[in-house]
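Some structures to go through are shown next.
Next, two complexes with chain A in common: one pairs it with chain B, the other with chain C.
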Partner chain A sequence: MRRRRHDVVVVGAGPAGLSAAATAASMGRSVLLLDQAPRPGGQIWRHRAGASLPARARHLLDRVRESGAVHAVATVVDAPAPDTLMVDFGGRVDLVHTAAVVLATGAVERLLPFPGWTLPGVTGVGGLQALLKGGLQVRGRRIVLAGTGPLLYPVAASLATAGARVLAVLEQAPFSAVAKFGTRALRDPHRFVDAVRWRATAWRSAWHHDAWVVRAEGGERLEAVTISVGGRERRIACDWLGAAAGLVPRTELARLLGCALEGEAIAVDATQATSIPGIWAAGECTGVKGDAAAVLEGEIAGATAAGDGGGMASRHAVARGQGIAFGRQLADTFALQPALRTRVTPEAMLCRCEDVRVGAIDPAWTARQAKLWTRVGMGVCQGTVCGVACTALYGWEPPQVRPPLAAPPLAAWARWLTDVDSPTES
Partner chain B sequence: MTHPDVLVIGAGMVGAWTALGLAERGLRVLVVDGGVPGGGSTGAAMGHLVVMDDSPAQLALCAHAMMRWRTAAPELPPSAEYDPAGTLWLACSDDELAEAHRKQEVYAVAGVSTEVLDAVALGQAEPLVAPGLAGGLRVPGDAICYPPAIVRTLLERAIALGAIVINQAVRAIRPGGAQLTDGTWLEAGVVVVAAGPQSGMLVPDLPVIPRRGHLVITERAPRRIHHQLVELGYLHSAHTLGGASVAFNVQPRVTGQLLVGSSRELVGFAPGLNRELLAMMLARASAIVPALAGMRVIRSWTGFRPATPDALPLIGAWPALERTWIATGHEGLGITLAPATADLIVAGILGEPPPVPSAAFAPDRPMPTLAAA
Partner chain C sequence: MSGDVTIHLDGVPRRVPAGVTLAAALCNLEHLAFRRDLGGGPRAPLCGMGTCFECRLSVDGVAGTRACLIEVHEGMRVELTR
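Up next, the complex of A and B:
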């Protein structure tokens, strides 16, 4: 196995990671920026070659390119120590030694179980957008979106632009909460313009509040969904359902490294430092608060990881605080309604990998008990999906992460492990 | 429950079988454990029910235990994943094949039937095993199970018979009593310490220490391995590393996943992985089952076996503390030996003759010092 050394390794090339990489590299540090996707941008700016991107995304991508940071398509497989990452660069695995790690691992969708959610044709809200950006043809397809928070707007708009018939958009939060949030958040002209544009693009869709999916039906794949709007049920025939109960910080690598969490997010201080020396975190993985805050936090994390002594953190302290306040508003406004939890039916699949249904779990159990007795979260995804659902449904702490990440072939992992303690190649 | 007849400390496989055995005899039983029942050594274990013959005493205890398991199996729930797959001991050399023949004779005396396979028969029985091995010994009576689910079932049965299980850690013990971490003292007729590797922290001078092991599990796949596979060189494994060792051990789960072991090392209760040892363990496994190389690993973990200096369990009264019984020190055989251990403890407490000779397991027997282990 080859060994590489970098001053700073940034994991995740979304807004926070790009910003951290550009900042650290422009301060003269050698920076490696890792992401699983072939093109930088993260989920929010996921794009195909030649696709148009918002101006601030183009600007940031240019900054990274000019900074000298090295971007690589790669997956972290293991972390033998906080300063050593075992990284799979598309089949070739290197041990990457670094003085500083910046975690910018973003967020994942919170998929809550309902009957039929594992049918082909049912995805997350962001998941459907990712399929669309990946080339899914939706012209004339009938689509229902069910979710919460501002993500619904751009997703509905991009589906409508691509010719889909977005029949209904369901927001689980009540209208009163969303209206209050809207009048405050939309004072930001940027957000106001976006929201109006997106909403106008998806003008044909029926927008509902206090609404959620009761079940998805179909034989081989999705044929219809039953929705509940203000407590009344209705059935809609459709081809695709994008349903997710919002976003949650993605923290597997942080947990493997031993970083403390605060709720579901990586705990950080004003310089974006985590509880583990040498590891910083920025963006949605430290709490969902949008791309503007992520870029700012990335800049702070990149600068402190590069050793600026906290100068950038103090300069941006006020703006950082505003970002966190916005995140708190988001969390309050789009807090999951208790009905989403109580309405979860026993027959709904909770853990796809291990075939555990909701009814097999006693909510009074501890996470460890449930795991030992039902094997929930012990399958191939290692609780990436159902762990998030269990936290929402039962209040369990995110599960402990045990190596390896990303399920490498046994012999390959064994070979890499052998090399961990061997002398450094130069 | 005030003043139970028996206080069982530890709700692992040994504690659960013991609690049920005592409750079935009409005794009032209180079980205490600071963690989830079956969540300690039991939860980290492979769940291989296997007859071993390091000594005649151990062989007799294993044979009795397997008889108890086979009797219990039809009443276990599906979640117990009880699978009478049998064990296949692999002989890598002619010397080891000779060992297979020796083992066959010894097992026969204890009433355990086996079958020696030559290289051709081994290839037919387990096509995924690398060619070039000398053969093997099949023990069809051995089995595979999922231990935590069994603990849950056993405790539910004990509770139905009046036993009580409380989720509190024990800080100290004295004759006929135990102190919880909140300071309360529980009083009982007798105390059974079945706290696995942690028993040594409760009973001064008890010769039991944790011996760490690693396990790895693969993703699901069609089932292509049919027995629990272990190497006959298990006990004299040449692959040592500063007192640590690895040995080939692969178990097929009902899901088609493979559990891959094993390693042994004395590192106290140190958490985390020994990646160098883990690498040796995985390399050994894929040398014997080459198809493992391409299977994806989804998780690794470690657990702590309760080890003793002479590799035999500690089952019986502890003379230094009145009314105190010990049921631990089984190292890697705790799951297998749990029902037989419970039988010895129940017989001991009730003053009945043991179902199998128990003198070899007396916790106060002369033993080499732990440092020499």
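Up next, the complex of A and C:
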């Protein structure tokens, strides 16, 4: 095992992490920027080699390149101490020592179980977008999207642009809430232009509110979905279903490090500092509020982690507050309707790793009891999927995180065990 | 990125566009059962971003590789998890 040393380590190369890395590196710090995805950009700017990116993404990627920050494709699998990360660099596990960690781990989708959701062809909403950006061919494919919040717009638009037949887009929130949100949010000219463009691209699709998937059907793959629109059920034959119940901050690494949470997000102060000294957090892992807020928070976190004494934080205090307010509006507007929980029948799969069905769980149990008696959340994904669902369905705390966060291939561990005492390198 | 590469699916060579993720490549080939659950049911990519592990299979001899996190390369050997 090699040891590396950097002044600042940024985990996550999405809008928040890119901005944190560029800012800290341009202040003269040696910065290591880690992301498990093959290319930098995070969720919104996920791309294939040679794909075109929006100008603000290109600008940020250029800034990172020019700043001297080192980007590596790697997964942080453990944090033995707040100043030490164990990192899997594509099959080789190294220890990285650092005085400052910036967590920019983004969000995951809240994926709630419903009958038939394990069928191939059923993905998340952002999940389908991610597969599309990875090269999935959807031309002529019949697609239903069922989710909540602004993410439905760009996903419907990119599917339509790629030639898919997006048959229906279902928003679970009631129309009244969305309309109120829209008139406020769309006062921001950028958001307005985007929303109009996306909606125009997906103009053929039927857009519904108060609507969700009741069940998915098929044999070896998805064949049809039954949807509920304003309480009336309808069946639609389709090839792909993107279904999710919004986004939730991704906090497993923060929890492993012992950072305090506020609700489901990492708790941070005005300088993006977490409850643990030497650890900062920025972007959607501190609350879902979009990519513009992520870039801004990344800049604050990167500057504070590089030791600017809070100057950047006070310069951006107002804009930062606006981002947080926007996040609150999102959460209020797109709060989950109870029907998303009650549609969950006993035979629906809850824990997809350990094959535990909803019917095996007594909602009166604690999370610990459920784990002991059914192995729910004990599988390879560590409850990333069902832990979030259990919080939504039963109000349970997120499951305890055990290292390694993502099981590195056995070969990497073998090398690590035989190599433990090799000298420090940087 | 242009051109195709050859990947070997359970030993069978298949041409796929270069630069796509293995998850997308397999879906495009209609290989949708990435793994089987305890009841024998097919499982396929869900999250697309490396967190759900539903897309895991054996790649170049490494079991448990997440297909959504890697791009195809020439000569890639893929064993569908049974």
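Definition applied: the second predicted complex is superposed on the first by the 408 of 426 C-alpha atoms of A that agree within 3 Å, B and C clash if a C-alpha of one lies under 4 Å from a C-alpha of the other, contacts with A are read in each partner's own complex, and residues count from 1 in each chain.
What we mean here is this: contacts are C-beta pairs under 8 Å (C-beta built on N, C-alpha and C of every residue); 3 or more make two chains touch, one makes a residue touch a chain.
Computed from a predicted model, the values in this text were never measured in an experiment.
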First, second, both or neither for A:P120, with chain B first and chain C second: second
A:V70 touches, of chain B and chain C: first, second, both or neither? neither
Contacts of A:M1 with chain B and chain C, given as first, second, both or neither: neither
Touching partner for A:P80 - first (chain B), second (chain C), both, neither: first
Touching partner for A:V380 - first (chain B), second (chain C), both, neither: both
Dominant contact partner of chain A by residue count, chain C or chain B: C
First, second, both or neither for A:A99, with chain B first and chain C second: neither
Intersection of chain A interface sets (partners chain B, chain C): 379-380, 407, 409-411
Touching residues (chain side chain A, partner chain C) in the complex: 36-38, 43, 48-50, 91, 108-109, 111, 118-124, 126-132, 134-137, 220-221, 250, 352-353, 355, 379-381, 384-385, 406-407, 409-411
In the complex with chain B, residue positions of chain A that touch it: 78, 80, 366, 368-369, 372-374, 378-380, 382, 402-404, 407-415, 417-418, 420-421
Chain B residues within the chain A interface of the complex: 35-36, 38-39, 43, 79, 148-149, 152, 216, 218-220, 260, 273, 275-276, 278-280, 282-283, 285-286, 292-301
Residues on chain C engaged by chain A in the complex (per definition of touch): 1, 17, 19-21, 23-25, 27-28, 32-34, 37-39, 41-54, 56, 62-65, 68-71
